[in-house]
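In the two assemblies presented below, chain A is common to both, partnered first by chain B and then by chain C.
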Partner chain A sequence: MNLASASRALVSEDFIEDLRAIVGDRLSTGASVCEQHGQDLTYHPAAPPDVVVFATSTEEVSRIVKLCAAANVPVIPYGAGTSLEGHLAALRGGVSIDLSQMNEVVSVNADDMDVIVQAGVTRKQLNQHLHNTGLFFPVDPGADATLGGMVATRASGTNAVRYGTMRENVLALTVVMADGRIVHTGSRARKSSTGYDLTHLMVGSEGTLGVVTEVTLKLHGIAEAISAAVVPFETLEGAVNSVIQTIQCGVPIARIELLDEVQVMASNLYSKTDNPEQPTLFLEFNGSEASVREQTELVRDICDENGGGEFRWSIRHEEREKLWEARHNAAYANMALRPGCKIMVTDACVPISKLATCLLETRRDIDESGMLAPIVGHVGDGNFHLTILLDPEDDNAITRAHALNDRMIRRVLEMGGTCSGEHGVGVGKMEYMEDEHGEGVAVMRQIKQALDPQNIMNPGKILPAR
Partner chain B sequence: MSETYKPDTPEQVLDALKWALAEEQTLDVLGHATKRGFGKPASGHNGLDLSSLSGISLYEPGELVMSAAAATPMSEIQATLDEQNQRLAFEPPNFGPLLESGPEAGTIGGVLACNLAGPRRISAGSARDHILGFRAVSGRGEVFKSGGRVVKNVTGFDLSKLLAGSFGTLAVMTDVTFKVLPVPEKSRTVLVRTEDQAKGVAAMRDALHSSHEVSAAAYLPADIAALSDVSYVSAGKGGLCALRVEGPGPSVEYRTGALRQLLAGYGETDELHTTNTNALWREIRDVAYFVSGGEQLWRLSVPPADGARVLQKITESICGRAFLDWGGGLIWLAITARDDAAHQEIREALDGIGGHATLIRASEDVRARVPVFQPQPQALAELSARVKDSFDPKGILCPGRMG
Partner chain C sequence: MNLASASRALVSEDFIEDLRAIVGDRLSTGASVCEQHGQDLTYHPAAPPDVVVFATSTEEVSRIVKLCAAANVPVIPYGAGTSLEGHLAALRGGVSIDLSQMNEVVSVNADDMDVIVQAGVTRKQLNQHLHNTGLFFPVDPGADATLGGMVATRASGTNAVRYGTMRENVLALTVVMADGRIVHTGSRARKSSTGYDLTHLMVGSEGTLGVVTEVTLKLHGIAEAISAAVVPFETLEGAVNSVIQTIQCGVPIARIELLDEVQVMASNLYSKTDNPEQPTLFLEFNGSEASVREQTELVRDICDENGGGEFRWSIRHEEREKLWEARHNAAYANMALRPGCKIMVTDACVPISKLATCLLETRRDIDESGMLAPIVGHVGDGNFHLTILLDPEDDNAITRAHALNDRMIRRVLEMGGTCSGEHGVGVGKMEYMEDEHGEGVAVMRQIKQALDPQNIMNPGKILPAR
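This part shows the complex of A and B:
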């Protein structure tokens, strides 16, 4: 990483006044507001912008970006600040455009099962809004992120196996490009065959190509019935093989999560439960009542054949919540293991046939490193997270955690996997881009150069400095 | 087209592109040339025939992933998947007969480059949603790869999505990796007989809103239904709405029953079992009803609830035959051939609703004259041009193919 060499932009008093002419009082240069907008929840160091503006419309964002383009000042879009790889750090200073006040659900088209929202609407706010329509939006990263931010990071969640990630659920976008132009990509029509798929070029571009201001999303019907199940396994292989066979059978499973024995232990401590401290699968099935029962029983048989222990399941709401408690509380349980610690969350993804091997080797590395790092996996996709707890008393913690993560990523890349399944690159994964993509990085650079020749859109992210 | 080059390896593809760059020659990229009739006519100086780049290089049924050279025939891919009872979930159509290029469906690279999808588009997405990674040579004469074989990957710009549907204008794909999925145990189709197109669209909406996991939804008016080889469909002598459910046996039976009950108010219901279901959806997928007749063919994509209304507006002024797929979101419209393919009237009908119309079949001179693809607003067109420039600054790949 060669971030320090990029010079900080010049943000003059006149420039601030020009911004004020656009947004009035919705602007702050105060240290605390700027710092808050340059810091995420992880170990990444803060890099505050020079000024934060709170935008209220696409037109306003366009005017702000035009001003920044004319003055060569960086633009960093900000939603809820829940990204995990330093995406929002203002490495060269500049303007953080906070979109959280653009939080209107513009229109729900129940007949077509789609919705248009402003970028600052959060996923929970959207689902509350959809209450009573029989529809919901499925993508559920842990935090209550904004939908604009979820587009930018191509977020996913626990039910990606069934409903896909942001990639599969965005139909159209309004984007302010680097020169301030407003572009509408895609349409509410399901299939776009008019030119290149610019919508999906923007999805996952982490604010480096433009500012997403409005999003058209696909909605899904709420399942008539849901069942949840929990099953511990003697071995990790047994758990992973159950997942592979389940998917191969074509069971349209909604969620399938793995907690390793360390994570189960952490959750037991936190929730005062007594789940067997073994690799454990948490499952959820959606559909009609008959199909849910059938899916659950089929998967129970598969788990039995693979050495699964007691298969507990239920279709009743309270019991489902209880069964999944350990999974829902995993993040809090980890924090409680070492109060006051910072965390580093890894995000590797491997072909599912390599998952068991990868997890076992990684667990051995963790144990040898002496660090505390429970593992949670969205195993249906081969995606798993280590939550490495960083002891604030230990000066070397970040270095050791980096080494652990680095070793794991090299392993994952060798297995044909990726360093990031759902969190994105930001600054945290830039050093692996060349290893993972080779010449593909040059192609990405050419696209970046073509769409943002001044390099003002969230500079210093995704593409490593040459 | 003066000459056609036929590389045997990806390295020779690179050589061909370097040559073209040096000599300022343009290239039309071909697999089996089954989709030459789709899009703007090819106008390159030379052809680049990839048909020697063929063969499946990786197939992991347990992992639901396959890699193949770009010009691997679809027939070979289907046959290999059949052996493991798997399939391409996006249900790629075979437009060979429709585009008068022969009985075959072409190559996997062609399917991805044209971003094709069949009736399962509404539940499984299109080719674009199933491509995981690729290897290609860009118009700059540079080899690159993107993605890989994992389903989730958020490391940088999603180049696979960009190449899907780019008609060979950005880069020449040499290898592709894509998702495959198990074939469900059983498929059934619920038929709801109604002459009223708007009612048919409403029935599809209700079915798609239900929790019965409908994987495809189409409406065939009486004149189209009469052409079906499935007797239950043609013998009814009327229009009907068709809804497909797939999955394990008991669940399919339950859902079929529940759908019939749910939709009884729209008309008489009936059901097709697996064989007839497969036959019907193959006809719809391949637009078999319009293979003969020599009409010009349009594909209109609209928000599903607007499908019936748009179609009514068009057929008020233009003489044609049509049916709806994708729950009303896709209109297949065959019109009596005209010099202008009625493009203005058809696109005017889409004004203000956010849809688009693509001319799928017309003679080469008509396709040369008429905008085959929906014209883009200026800002978007300029953005697309910049993307094209970043991949192919000299414009050597498939010039003019996308209009």
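This part shows the complex of A and C:
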């Protein structure tokens, strides 16, 4: 299925030659490369770009975008291809700018606890690079995404409850705007009150306002003591209530992740773990020895009161790595449950006081739907996902999955929440933008119109057609 | 001195009558009310609006702004009048919308640790309202500003090193746009990836994009243990280096404030305290008993190594209140040093590794200038202020003060910092916007043009005339 049949931009031979004059051999019009660059990890239909270029510098990206602007050709930035809402589909064709070769860590400023990276550096690569500095970068979506891509989707992950999301951890950006201008937003100062917050405008803009080429990030000190645990519960309700009470008690927990019994089963199979197939929390405590002890005791009491079982501890670094690797691979584990199936990943986020109701009603909907949809969640933030497994050839399955997601999103919005906690809008959530933001969507359109009047930057994403 | 002589908008009798139809008696054209609403706490010249209206609801603000838009009359939002960069000057006349009567705490959601307030609620009023909830709102500029005003300037204060600034603590806003539309940005969910971050675009926009009428804020739990201390140092360098080492060690200190010996002297006089007239740190530790003990020991060792004297502790609530009240009143204490003088408050913020050099070189400039300019700073953020005392009738003094500030700002920008950590641009920092943001200023202009094409929202602020 290819959405890009209508109203494609005209990418001429001359245009390709002009591109080649900028990037040389780092260009492909091959079907498989284009196909791969127009799809993500999910059921969203692929829409290949006309051409893929592999950029190596901000200046090069600027020249490419200027060329596209002059020819009115769409630009779709590409990082690791791990997004989940159809962000990469080249709906009107155009140029996919692959930034994966811009993968240099430009400078580590340990004294200021910040780092400057090119947009193609991945989160794992960055943390490997920081090895031995005593510092780490906490934001960790499941996939090994690029930091540019994580800026684009305003990503978060398991550490957000303690360390914040990309929103809280980006200090400054280099961005190529829709006309090819290079703009530097923000600074390495920890705070500033000078003018409009262009950094935060770009974080979460999904390539629709510009191409992020360089990112300055906050780093955090690795805690003196770290311990992680897995704790199974008799009921999903008990697990969720333990999370809510932990947050409401103000425990500075580093990670508190929920997996329902279906997700535990899938993860056991994929990651060769042997956790009891029950609703389960994965926990991590960071701090001084004394602080970790205090936090642990408090959370153990809370879990006990809510029907939690025995804590299975991972103290050693390697054990913890294995535990969190299993959590990070949840989406891949689910895909492996039914080979050939595609996934639709939902992304509800509600105020924590609404989490139990929202999650339990949603679980009831899943059970009634008869669909296979493991639940996993960054529940400390009020955020959880269903991974709905779909036969992509079965239109009925897609319809039923949409209905399940739609029902959940209506619930979430009524509760004052958001239809995407961390994955972004892409094409998948566009239909809910008016419901969530009302008149705010008109303001977003005014900004898009002002900064990308030709609508060449990742067109067809975030803002629904009128 | 009145900057507003040229190019004033035409505010007719009919227009005033139309305003009166909306707000009734809550309107004044009296000279003293207008004069008061066109000035702030500093040397910046006043520029009175033509009329002041006291709004009581978002809908009313919307109607007022629609009227102004139709008549092309400027709108200047007014909170507590405590800003520092000429933000309130009605440079082209127009309507000052005073929001101080919109001072209702709309709802406290203790379970979700958030609160919804009208824009006219002040920070002290909010914390009094939260009394007995176990929660508090941390952002604390010196003055008892309104929360709407604090949104407008992206304010911070003494707690920012631990709890963040307004940037990190605003979840959602209600904003009346330049055409009178009412827009709700953000939500009570702790994170979201749905579309452009309009909340952060409005935070720090200084009334130039819209009028903030309602604010949803994060709250924080009051720590189990809190202790505060004052510690004098032999040298300014020793005090600054203690701060840098504390931050670099990752101590989760709640407050770490620097006062030079001139500021201590001024504060002693004004607040009737008796701290030794030496470079001094005001510290506060929050956490569990064990954590506070750990933090204290570490910081005491660091201060000892840098020539710090004895810690003078404030354990009881009332003692701590007195200590921080003295700190918050630093600007007033400085004004009292030379009655009749006005103040110019500078606002450098640099990466922490540059703080010692920046501060010590600046102190040398002060000494060479012969001006009276106490130094105070939220040094954990790399942010410090000079309060330069000025005879407003002495043009030469203003010129010398500008030269001192200018030299410091050049230094700050070379170090990768910002010319305003927390006060905003207003008219006072406009001339540095291009130097700090380069091409970013053009992007800001595009956004301003898109959202306020008539340029009626607080005109003449943030963006320098071309």
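Methods note: the second predicted complex is superposed on the first by the 421 of 466 C-alpha atoms of A that agree within 3 Å, B and C clash if a C-alpha of one lies under 4 Å from a C-alpha of the other, contacts with A are read in each partner's own complex, and residues count from 1 in each chain.
FYI, contacts are C-beta pairs under 8 Å (C-beta built on N, C-alpha and C of every residue); 3 or more make two chains touch, one makes a residue touch a chain.
Everything quoted here is computed from the prediction, not taken from an experiment.
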Mind checking chain B and chain C on superposed chain A, clash or fit? clash
Pick one for A:R410: touches chain B only (first), chain C only (second), both, or neither. neither
Looking at the overlay, does A:H131 come into contact with chain B only (first), chain C only (second), both, or neither? neither
What is the contact status of A:R8 with respect to chain B (first) and chain C (second): first, second, both, or neither? neither
For A:H317, is the partner it touches chain B (first), chain C (second), both, or none of the two (neither)? neither
For A:E422, using the defined touch cut-off, is the partner it touches chain B, chain C, both, or neither? Pick first, second, both or neither. both
Let me check the overlay on chain A: which residues of chain A are in contact with chain B and also with chain C? 109, 111-114, 153-154, 156, 160, 164-165, 167-168, 177, 181-185, 187-198, 200-201, 203-205, 209, 221, 244, 248, 250, 287-288, 290-291, 294, 349-353, 381-383, 416-425, 429, 432-433, 436-444, 446-451, 462-463
Of all residues in chain B, which touch chain A in the complex? 60-65, 115, 117, 121-122, 125-126, 128-129, 138, 140, 142-146, 148-159, 161-162, 164-166, 170, 181-185, 205, 208-213, 247-248, 250-251, 254-255, 258, 299, 301-305, 326, 329-330, 354-356, 358, 373-377, 379-381, 383-384, 386-391, 402
Chain A-facing residues of chain C, complex: 109, 111-114, 153-156, 160, 164-165, 167-168, 177, 181-185, 187-198, 200-201, 203-205, 209, 221, 244, 248, 250, 287-288, 290-291, 294, 347, 349-353, 381-383, 416-425, 429, 432-433, 436-444, 446-451, 462-463
How about chain A: which of its residues touch chain B in the complex? 109-114, 134-135, 153-154, 156, 160, 164-165, 167-168, 172, 177, 181-185, 187-198, 200-201, 203-205, 209, 221-225, 244, 247-252, 286-288, 290-291, 294-295, 298, 349-353, 378, 381-383, 416-425, 429, 432-433, 436-444, 446-451, 462-463
